[in-house]
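What follows is a pair of complexes built around chain A, which joins chain B in one and chain C in the other.
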Partner chain A sequence: MTTRRLALNAAATVTLLYLLTPLIFVTWLAFFRQEIPSFPPEGYSLHWFAAIFDEPKFVSGFTLSFQVGALATAIGLLLGVPAALCVTRFQFKMRAPLASLLLLPLIVPGVVLGTAMYVFHVNLENTLDVDVLGTFYALVAGHVVIVMPWVVRLVTTSLAGVDRTTEEAAQNLGATAWVTFWRITLPAIRPGIVAGALFGFVTSFGNLELSLFLVAPGHTTLPIVILQYLEWKIDPTIAAVSVVQILLIAIAMLITDRYVKLARIV
Partner chain B sequence: MAELQIQKLVKRYGDFHAVRDVSLTVADGEFLVLLGPSGCGKTTTLRMVAGFIEPTAGQVRLGGTDITSLPPWKRNAGMVFQSYALFPHLTVAQNVAFGLEMRKAARPEIDKRVEETLALVRLEGYGGRLPRQLSGGQQQRVALARALAIHPDVLLLDEPLSNLDAKLRQEVRVEIRELQQRMGLTTVMVTHDQEEALTMADRLVVMSEGSVRQVGSQRDLYERPADRFVAGFVGRSTFLDGTVEAPGRFRTDGGLSLTCAGGQVSNGGGKASLSLRPERLEVAAAPMAGLDNCLPGTVEFVSYLGAMIDIHVRLSPADRLVVQIANREGGFTPDVGQTVHVGWRASAGQVFNK
Partner chain C sequence: MSLVVDKPKGRGLTASALLAPATIFIVISLFAPLGILFRYSLNDFVPQTKTMVEALTTVQYVKFFTDPYYVSALLTTVKVALISSISCLILGFPLAYVLARMQSRFKPLLIIAIVLPLFVGNSVRAAGWMVVFGNKGFVNASLMGLGLIHQSIEIMFTEKAVIIGIIAVDLPFMVLSLQSVIEGIDRAVEEAAFSLGAPPATMFRRVLWPLALPGILGGMILTFILAMNAYATPFLLGGPTFKMMAPVIYNEFTQKTNWPFGAAVAFILMAVTLSLTLVANLLIQRRSTR
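Coming up: the complex of A and B.
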């Protein structure tokens, strides 16, 4: 019994370390004093964090990524929650194919998705004779596609756990279908919505491949800024940017977890 | 409260008839129980009254108004669900207040009514709790209070006691029945538990395969079952299969010729069953005088039930009966293998066509 327990703990520790090692090294690196990342460190310093702000691209990239992520998540919720309701609650001919289609962007490689969208945007621009390519809204529209599967997936899971008779009870007590949704269904699936929004936002915020095809030159998202920076320079600034990003996402998760227990949904 | 009328109600799912031509009237203040095995259409009928299922044909009238095509929220029917269906994110008081809020009642009025209703189900002081902090019995009472708070025209109970343990169930039966009588609630309850049905109902409706088999009081169903199904479902019956050979004569498959009550026989010699209540049969070591039928048989099985003893007696290779005798001190208790005599009056049995 105890040996089995030990083996289990050992396996868990190894797995956890395997997952955490890159994060630990990146974080460590962010505090190195020397410019060329080499071991052992010559000393420690915080000045790479200050260096982030000397590079306006990082700041503008962060701002754009945040705006795109927030807007794409909001739109993803507006589309994804009704879509999840539709595929779980109604029986219709194309239900199963539609459910798969809504999750498809999780499986299709980002590069493929990006190429397809690029071609689509080019055609749209030619047909409608309006600016599409490289605009902020085209970028948001692209990100909605990768946010939505998360919302659909997590809300669908939540909906499966809702006791349908509580909705009937509400209607029996005089609530219309709409009031029933707001007062009974929505509170019940709120954890799924919050988790879907969180994962959708994180996915959008960290997305590189899709954005590469959709951004305008000179106005790019944070992951692309990081990539471009790495192409000509390797110094701990990148590590510092990553640490900031990791921290922000961790804080978002912790705050979310206070309201809904993420472990219960994901 | 109001009178509920169900007229020629039908529900078909493709070729499957869930409910066939059910017509019932529940008088103002009456407690009607729909009784039947699972899949008999009783719940479908109740859900059509509540408005959750659209009938294929027929009408539901409440207090004289046709409500057949009204959505559930426009019918003033209070329902208690089998799973209680309490709103998990709302407190007990908020659960009870929900229907009143939907009716746009004023806040002081809502608070007053919630308090009254919780007192009615003996849950004073529980208003601030969440449903998950209550026991099953308490949750059941909240569900009842929630349905009563809206002062419904009809109270619908869908197997309301099936999730309670046996002891609590017996208490709650009486409690609900007393409350219903005191408030004069027109009530329809669905159950598969005949003891529950017999305890609570003013009138019972026995359903099977989507149809009403019999409507009547407890005594009607027990003493004068309409068919073999009702005889077997309400109370216990023991059956002898055979044919009616002449008015008042029943011949079993095993060749026994029995006297049965006249008048109730005329099916041209087709297959029939003689239905007998086990507790109306008598058993003794020697032949008994003064009974219409008295036959020798061998005891094959004895089950000791405490207050009662069941004795399975074989009368012929094809005929076996269950006799139930009271477990009296010093009473006659045969052993397995013993030869006994079983007797009954013709009026104790009923013949049904098969």
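Coming up: the complex of A and C.
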């Protein structure tokens, strides 16, 4: 019995280490003293973290990614939360197909979605005679498509776990639909909303395939800046950028975990 | 059952008001673009002037399947996706099992450790593998330090590097979908098999495997789709000569500006992925109805 457990735990540890290997090594590289990623390191230094700020493209990439992610998440919540309410709280004929329609963007390949939106934006630009492709709002609109399914999915799951009798009790006591939603339903599904917002934001922040087609040259998101840098070389500066990103996402996840148990939603 | 008196007309209106914005948004920004893309894939292209010509022809699709270069890209993609998906299952099962049966307060931390790599982006993870695989990277330096090799071996820019990278990208999805299914399997079923004298291998084959089958197939489909569409990992770890479908599509669009052909390749990728997924889905349904 114990040897069996030991073997199982060993196998699980190997997989976990495999998963974490790229993160461990990119973190290690960020602290190297020399610029070339050769082992063993000649010494350790922190100055690559300061070097991030010498490259304006990292800072502007981060800013753009953050703005796009925040706005896309806000719009995704505005569209997604009501939609999730509708598909869980109302019975109507087209319910099931419409519910899966809202999740469809999750299974369309990123690069196909990217090319499709690219030609769509070019088409819009030609018919409407306004700038579309490469503009900030077109990029946000594209990201909403991949953010909203996460909101719908996690809020739907959350709503399914809410006891409806409380809502009915409130309405029997004379509360309007709006008051019932605001005072009963919303507090109950707050974990789902927080989780949906987090997953949506992180999806948008890390998205590469869609942004590749939709950004204007010279004004790109952080994942594209990182990709283009890596195509050219790997050095401690890009590793330091990666470490900052890993830390921010880890903190965001730890905070979310306090509100809603990640074990229950992923 | 509801105690609240339903007012059908008012409710219908509320329902549409709640659902309409999201639905209209998806239709406009998903179906319209895909429709236009499909229409473009039936157009013709003049290479000399790099312009698209309005037409109704399947010439782009024929070009793909008659050019060995593109066919081999498709075959490489399917092969890499299959290997990755199967490896994810083998590597992911023990971790998913341990996670599902875990009671400790460290469980959330373990989940974060599994989900974190998922969220930091494929480029960052590719950067990590570059440090490991490079000419003077960790693997080469360690092997040389041990005296096992005298010349650095090429790992970067090979199919191996791409597969290792893609497995790491897809593993969290496999672990999470297996974990959720295993958590639903009553521990008592396993105990019963053991107390009836089944060795662990038999218990796994006769009890755990069949009960976890929906999660196994679901996880394999998910990882297969993700691997088929991988962009950053083959681009960064495979180098310029390694060809998978997603980088090919990007290249056709941006470098060669051949929109009709790029569109056709995009639809071929989607069709191949969806039909292979559909076959797997049929297999699941047949299993579960039996």
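Note that the second predicted complex is superposed on the first by the 264 of 266 C-alpha atoms of A that agree within 3 Å, B and C clash if a C-alpha of one lies under 4 Å from a C-alpha of the other, contacts with A are read in each partner's own complex, and residues count from 1 in each chain.
By definition in this document, a residue touches a chain if its C-beta (ideal position, glycine included) is under 8 Å from a C-beta of that chain, and two chains touch if they have at least 3 such contacts.
Since the model is a prediction, treat every value here as computed from it, not as a measurement.
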Greater chain A contact set [chain C / chain B]: C
First (chain B), second (chain C), both or neither touched by A:V145: second
Which superposed partner A:A116 touches (first chain B, second chain C, both, neither): second
First (chain B), second (chain C), both or neither touched by A:W28: second
Partner chain(s) touched by A:L104 [first = chain B, second = chain C, both, neither]: second
Which superposed partner A:N172 touches (first chain B, second chain C, both, neither): both
Chain B versus chain C as contact partner of A:G161, first or second or both or neither: neither
Those residues of chain A which chain B touches in one complex and chain C touches in the other: 168, 171-172, 177
Chain A partner contacts - residues on chain B that touch it in the complex: 50-52, 71-73, 77-79, 81-83, 85-89, 98-99, 102-103, 146-147, 150
In the complex, chain C residues that touch chain A: 2-4, 11-12, 14-15, 17-19, 21-23, 25-26, 29-30, 32-34, 36-37, 40, 91-92, 94-95, 97-99, 107-108, 110-117, 119-132, 134, 136-138, 140-142, 165, 167-168, 171-172, 175-176, 200, 225, 228-229, 231-232, 235-236, 246, 249-250, 253-254, 259, 262-263, 266-267, 269-270, 273
Contacting residues of chain A [partner chain C, same complex]: 4, 8-9, 11-12, 14-16, 18-26, 28-29, 36-40, 78-80, 82-83, 85-87, 90, 92, 98, 101-102, 104-105, 107-120, 123, 141-142, 144-145, 148, 152, 164, 168, 171-172, 177, 202, 206, 208-209, 212-213, 223, 226-227, 230-231, 234, 238-239, 242, 245-246, 249-250, 253-254, 257, 261-263, 266
Contact footprint of chain B on chain A as seen in their complex: 163, 165-166, 168-177, 179, 183-184, 187-188
